[in-house]
Every structure is written in structure tokens, then in C-alpha cells.
Amino acid sequence: MPPRRRDTGMSLPVNALTLDEIANRFGGTVVGDGATVVSQVGALENAQPGQISFIVQQRYRRMLDQCRASALIVAPGDSDVPYRPLIVHDNPYVLFARLAAHFNPPEAFAAGIHPAATVDPSATVAASAYVDAHASIGPGARVGERSVIGPGTRIERDVQIGEDCRLVANVTVYHDCVLGDRVIVHGGAVIGADGFGLAMDAGAWRRIPQIGRVLLGNDVEVGANTTIDRGALDDTVIEDGVKLDNQIQIGHNCRIGAHTAIAGCVGIAGSTHIGRYCRIGGSAMIGGHLRIVDNVEIGGATAVPKSILKAGTYSGLFPISRHQDWLKNAAHIRHLDALANRVRELESRLAEMERTST
Amino acid sequence: MPPRRRDTGMSLPVNALTLDEIANRFGGTVVGDGATVVSQVGALENAQPGQISFIVQQRYRRMLDQCRASALIVAPGDSDVPYRPLIVHDNPYVLFARLAAHFNPPEAFAAGIHPAATVDPSATVAASAYVDAHASIGPGARVGERSVIGPGTRIERDVQIGEDCRLVANVTVYHDCVLGDRVIVHGGAVIGADGFGLAMDAGAWRRIPQIGRVLLGNDVEVGANTTIDRGALDDTVIEDGVKLDNQIQIGHNCRIGAHTAIAGCVGIAGSTHIGRYCRIGGSAMIGGHLRIVDNVEIGGATAVPKSILKAGTYSGLFPISRHQDWLKNAAHIRHLDALANRVRELESRLAEMERTST
Amino acid sequence: MPPRRRDTGMSLPVNALTLDEIANRFGGTVVGDGATVVSQVGALENAQPGQISFIVQQRYRRMLDQCRASALIVAPGDSDVPYRPLIVHDNPYVLFARLAAHFNPPEAFAAGIHPAATVDPSATVAASAYVDAHASIGPGARVGERSVIGPGTRIERDVQIGEDCRLVANVTVYHDCVLGDRVIVHGGAVIGADGFGLAMDAGAWRRIPQIGRVLLGNDVEVGANTTIDRGALDDTVIEDGVKLDNQIQIGHNCRIGAHTAIAGCVGIAGSTHIGRYCRIGGSAMIGGHLRIVDNVEIGGATAVPKSILKAGTYSGLFPISRHQDWLKNAAHIRHLDALANRVRELESRLAEMERTST
């Protein structure tokens, strides 16, 4: 594989920090040389000098012998690790995340409209926004300050996009949808396509016009090739701070509560309302017209066919096994009801024997 | 969230109708003031004056107190609801769908080729068709009357697109594929990519050229980011009136029968033939080389590893439960065969005891 | 359906071969007239004169009565089939694949940059490469000899693309990613989007910049609308010869071993390493931070929540049944632990009775 072209700290980047500066700015306590300079984050096993890494679990301790990082972030309970310098912080992963953001700010874009972009005269693009090549913006659409409309992206009529958004590339946003501020939409995502609304009319499906919109709150992130359908009559709503991974499908009239995170390949059928601070595992499938309350965690590949009205962690996964074992065991599932009846009958016959034998 | 920009009936739209006009044109019987004018459909709980809503199930009756709709559509058995005016119709949802279509006609497009589109000189675009910005149309392709090729859409060589189609945006149609009339393809869909045909040849996969096509019948709808692979040797065929939701994958050489509806995230492996008027639930997974007859309904998240030769409803879903309960119960699935053997042994030992104790 | 426009052999294509030429060039033994000319491959049931077909399983023998192919490829054990001429070959499917490739070479493209493409002045596009309409190539990117960047494709800054690649259309490749030689990427695929890395910080998700890359080896094929996330700190790596079907999601920091084939709709969560020569069935879901060794086969729709350290075939699929049967049987799964306890209790009570009755 070709080497990485990115500079990994040989010259000192402008946003390098000493450990003392880190502790002052982001919290934590330095153990060892606070004048140590770091300018990038790195994984424990591959970090280079000039980088800072972190450990969050005991089992990573054994990797420290080979570690080349210039510093480590550890939790208070791990401050005895044989490594220096350290920053001791109550939540090493949060400090790591803050430093990662500091060392890797979002790409800067020039303002303006690329000559190969197409912007309808009735659209309003803020002066500090950027519309990249081969993007097209329809009549009446609005793009807020510092937002970036990436190459090949299609913004239909009357869409409203807030400030500091980034639609990376080849995104499609259907008419009348609304994006808040600081929304990120990754490549190939489709927002506001018609929901799947059909009525069987004289032997053929009649499609029902979908006249609701999609509303994305502030700080929402939408993964690559994720799709969010517009509402049938009312709107589909994704509240502030929701994070959606790739290849998720959200049906019409869903509502996803603030700060809920959904992993890749999840499907959510229409009109389901999910609460705040939920976490949905990858490839989970959630049925339509359900209600899921706040703080529910759903395991990967779990199907949810009914509402969940109590916070907690839920799973439903067929266990994997060697194919031959699966064949043998799975066959019994079709006869579980009969097996349960046989056990019940055994119980009653045995009770009868016990009764008569005394 | 910002208010909806769409006019909700304060001035009278050109396609407004009185209830008497509705009954005359679409069927049904008016109860109450037939001169009442409506100009949009609305959901029972959010309808505004000037809108017409509907109830299809008893449980919606309790919402009527707060309902602000100017009229309701009800089934004959519900004509006693305390609400006026009504339209009584044998199938309220169908009348609702017809009115929704009447009040919300498809967007009109100008005819012609956008200056930022690219059309090969050997392609044929009908005079009334529209090719939008940054679309590209390859050699020999044909686009029928009134069809709209949306922004960023790629039509490869020798593709045939019928009349009154709409490819919304960023769609890709590979060479030689054929779309019938009134076909709708949503954002990001890919039609005619190479099927997954491989032969292991001397330690590496050799790809097998996929020389079939995709044929889409009339009135087919293809959801956002759905993919339909071209045939390996023969064609992949989607018959008239099939409705496909978002993020569906259809493998090479599948045939989907007329008027079958498939919900989001379904995967169908190669060479499977599905009948007419089937309904496939979201995230179902259908194996390859199967045959599914007409009028089969498959539940959401159900895996179909073998043919279904009898109409009916089929399911196969691992039940969800609290994670701790799942851990406890799922472990037994790996030992179901042993458990069934133990029950059988108990039965024989108990029978032996019963025999000897008499 | 309209007839296929493609010529099916009425005039003799330039790459037509006699059976003798085939045997000389690709191996195998001719039985019958070695001067027979074929110029295309065909499926057994639909092959036309001038085409060559193949049989690999006994059950296809009964189709031979209707077969119109000019020749058949058969395995040594099938050389007694009542059909002439034949080519007898140790691996009929491999010979078929080689002939399919011979008769259907990849489409040829002109070299150069389409006037409607956008190429940054600091990008390097090889003289024999082709950049099609509405594609855009960012600063510092490199495109190797004979590679084709299809319409609407977005190549971000500093991407490296090897020789003889084809990115079909509307593909997005994020900054700094690296593609080897002979890589094929189908429509709508997204390579290098940010992985799903989040830290909960003061009540909101903080996104963690994803500073790794995606590295695709030589001869990798990526299906339509498949997504491969860039690494968080280190790289996501897809080794040589890996074949990915449509709508696959690969999370950050995964490594997929050489010559592994993955069918459609599979999701692989972050940091999982899969070995060489694995085969993953459609809609399988593989959890994060796992290790799967070489030569593992995973059945369709199977969830993999833990590492697989031994080669072999694995499954975990809830069996499908009539909906009413499923309702009856699935209910017992929630009580399997109780059922197992009841069986254990029966065993101990029965043993006690047997002990006392003797």
C-alpha cells in the first residue's frame, strides 16, 4: 500500500499544544513533563512520536511496551501505569475527542459559487456559503452562512439550509425540506424522497402524494447513502443532535428524539416515534407506528415489532453456530409449541404418578 | 422548526372541490352540507379548515373532538360519527388517495435540455421531455415524451426510457436498460449495475461479464438508493405496477411480478422469481434461485431461504426482549436438539414406569 | 417488453472462436465438430444458435431437449450427455467465465477530459485516462493510466487512483483515499466517508474527526451504493481481489482479507478484521471489534456477534413459517429458560421415583 501523504508531525503544526496547555484548556492533570508537545491523536498501537493516545480499559495496558506516543490520557484509576507523561482525566475518551477536534479542524472552503454550479436566480445563497461544481440549487431555496453544498448535490425548490452545514457530495434534498445549523450530510444521502404510501385501487397500487417535509434539527449528522423520507401529510422530524450512520432508512412521519444515535443499516418503518438519547445497533429493524421511549438501547440486528415503553437494553438475535448444529437446532423451533405441550403433559402424568405412589 | 412555507388553503386553490363535486366525480354519499369546499387532504389530528380527512378504524373516533377538518370521509359503518359534513364511501382510504392525487398533481416541468446538461448527439430526447442540469445522456439512448431526467442523473448508452417518467436526481441507469411509461425513480437509485457473478479461477475471483439488462414495466416506482442489478445472461425483469421502497437490493436475473410491493431495505438474491400481488415487509431477506408464488405476504425482517409455493402470510422473527432475558433464553437455542432428546427420553422412561406400576 | 437491441450473433463478431480454438486457448477437449463457431455465451434455457452454454449439475440435463446452443461445456463426468458438440473441461464454470470475458470485453473509452468535467489544476490525470461529464477532481488527486472517472463522480483532494480503474457514475471518493489498479466502483458507492465515531460530552454527541483513510487493493470491486468508511485514526483496508456486492456497509478500521467475497446488504461494524477467502452471505450482519479467520463462510441473514476463530460454515437464521405457526412457536422462545428448568426438574423427580420404586 502506498504511504500516507499526510504530514504526521515532522514539522510543528500551528495547532500543536503542550500537555500543560491541554490541561489548562480542556481539563485534566499532567503527570510528568508538561512541556511535552503533541500535535495529533493516535491509536495506542500505531501512535507516532508527537501524538497523544489514550487507554480506557485495563486490557490495553499490555500494549504499553510497544507504544511510541509522546503522551497518554488515562482515567484516575490508571494513573499508576508505567508510562510518562500522562494526562489524568475523568473521561479519557472525551478529552481524546476534544483534542482530536482541536488537531483536526473541519476543512475550510472558499466562499462563492463555482462556475460549474447551477443556482436558480430565485434561490438565496449567503455570501459566505460555497456551492461547488455540478451542484444545482432550485427556485426559492436558501443556503445559510458558511454552508457548503458539495459537488453533484441537488437542492430542490424551497429547501432551507441553515448555517455552517456541509452536504459533502452527490446528496439529494427534495423540495421544501428544512435543515438546521451545523448539519452534516454525507455522500449519496437522500433527504425528503416520497414516503412509501400506496392504496390498492381497482387492482393496481395508487401512490399517495407525500406532502409533508423532512425537518432536520441543529447538529444532525446523516451518513452516506442514508435515506429519510418526507412525511405523507405531516412532517418527518429528526431532532437536534441526532447522529445517523450510513445506509439507514427512515420512513415517512417518523420522529427521532434529540441526541439519539443510530448505527448503520438500520431500517425504521413509517410513523414510528423514537425518544431522546436512544442508541440503536447496526442492522436493527424497527416496525411502523411504534413508540420507543427515551434512553432505550437496542442491540444490533434486533427486530422491534412492538412499542418499547420502558427504558433499558433490548435484544433479539438468533445465535450463530456451525451450520450443521444450526440445522439440527433450528428445526426444533418450528415445533416448540408441541415440545412445550409435551413437557406440560409429562408434568401432569408425573404428578399423577407421584400422587398415586404415596 | 420554521413554519411550513406551503399555502394551506387561505386563498382558494384552482383545484378546490365541493363535497358534492367530490361525490359526483369520485363516488360516495354526502351527509351534511354538500357545498362545503375543500382543497387539501390532512391527517385527522392536524387537519386545518379547508382540508378533508378520513377515519378507517374505530380507534380514531376519539380524536374527533379536536378535529378541525372541514369534512371527513368515513366507511358506511361509521356514518353515525358525530361529525358533519361527511362523505360516506365504501373504501375511505381509496377516496382519500384519489383526492390527495387530485389536490397535489405532480410538479410540472418545462420541456427542453438544460444548458448544463450533456446529451450525446446520437441520443433521442422527445421534444416534450426535460433534461435537467448536470445530467448526462449517452449515445443511442432514448427519452420519451414528457419524461424528466433530473439533475446529476446518468443515462448510459442505448437506454430506453418511456413516456411520462421521472428520474428525480443523481440516478444512474446502466447501458441498454429499458424503462416503461410512467416510471418514477427516486434519488440515488442505480439500475443495471453488474450482477455479482464470480468464478474462482486459480486462487482469484474472475468476474463474469453481465450481459443481460434490467427491464422495468409501466408504472413501476423505484425508491431512493435502491439498486437493481442487470442480468448475467438473460434480463432482470420488474413487471408493471411494482412498487419498490428505498434501499432495496434486487440481484441479477430476478423477476418481480406485477403489482408486488416491497418495503425498504429488502434484499433479494439472484435468480429469484416473485409472483404478482405479493407484499414483502421491510428488511426481509430473500435467498437466491427461489420461487415465490402470487399473493404471498412476508413479514418484516423475515429471512426466506426456500421457495414459497402457497399463497399466505409468512413470518420468522426472533422475538425481542430485555437483554438479560435474551441472554438467558437464546443460550438454549444452541441446545434445542439436546432438550428435545431429553424430553423424548423422559417420555419413554415415564411410559415404562406407568406400564410397570399398573 | 421491447426487443434487445444488442446483436446476438447474426453477423460474425470479430472475437468469434471455433471450438478447436477455444480448447487450444483455454483448455478442454472437443467432442464433435471442432469447427463449430460460437461468439457469445448463453443460459441453457435461452441460448441462441451461435452461443455456447454449460451444464454443471445433473438436474440441468432434462433441459437439453429444448436447448438451441451451438455447443455445450460439460464436466468429464457428463460427457455422455446426448448433445453435440461439447467441450469437456474440468471446471465448466471457469471455462464459461473465461469465454464470457473473451466475448464481452470491457467497454472502451476515449482518453481525455470531457469539457463538462471539472479538474483542479493541481490534480494529475494520466494521458490515457478519461474523466467524463460532470465529474469533479479535487486538488492533488491522481488518476492513473487508462482509468475512467464516470459522470457525476466526485474525487476529493489527494485521492490516488491506480491504473485501469473504472468508477462508473455518481461515485464519491473522500480525500486521501487510495485505490489500487483495476478497481471497479459501481454507481453511487461512497468510499471514505467519516466513520461513526462519537463521544457523549455534556449531554450531546461530540463527533470525533476521522483521520484515517480507505485503502483499496488491486482488483477490488465495489458494488452499487456500497459504503466504506475511512478509519478513525488508522486506515480501513480492503485487500487485493476482494469483491463487494451492492449496498454493503463497512465501518471504520475494518480490514477485509484478500479474495474475500461479500454479498449484498451486509453490514460490518467498525474495527472488525475478516480473513482471506471468506464468503459472507447476503444481509449478514457482523459486529464490531471482531476477528474472523480465513476461509470462513457465513450464511445469509446471519448475525455474527462474536469472533470466529475456526474456518468453516456458520449460520443463524430464524426459520420462516406460516404466520400463525410462527406466533405460536416464537412465543415459547421467551420462556426457553423456564422450559429447560422444567425439563431438568422432571428429570430429577423421575429419577427419584425410579430410585424409590425399585
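Chains here go by letter, A, B and C, matching the order in which they are written, and residues are numbered from 1 within each.
In this text, a residue touches a chain if its C-beta (ideal position, glycine included) is under 8 Å from a C-beta of that chain, and two chains touch if they have at least 3 such contacts.
Just so it is clear, the structure is predicted and the values come from calculations on it, not from any experiment.
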item	value
Graph distance between chain B and chain C, where chains that touch are linked	1
Self-contact between copies chain A and chain B, residue sets same or different by half	different
Centroid spacing, where centroids are CA-atom means, of chain A and chain B in whole angstrom	25
Where chain B touches two or more other chains, by residue	116, 134, 152, 170, 188, 225, 247, 265, 317-319, 321, 330-331, 333, 335-336, 339, 343, 346, 350, 353, 357
Residues of chain A defined as touching chain B within the complex	116, 118, 134, 136, 140, 152, 154, 156, 158, 160, 170, 172, 174-176, 178, 188, 190, 193-194, 196, 198-201, 203-209, 211, 213, 215, 217, 225, 227, 229, 232-235, 237, 247, 249, 251, 265, 267, 269, 285, 287, 298-299, 302-306, 312-319, 321, 325, 328-333, 335-336, 339, 342-343, 346, 349-350, 353, 356-357
In the complex, chain A residues that touch chain C	1-2, 4-6, 40-43, 46, 91, 93-94, 96-98, 100-101, 103-104, 107, 114, 116, 132-134, 150-152, 168-170, 184, 186-188, 219, 221, 223-225, 241, 243, 245-247, 259, 261, 263-265, 282-283, 300-301, 317-323, 326-327, 330-331, 333-337, 339-340, 343, 346-347, 350, 353-354, 357
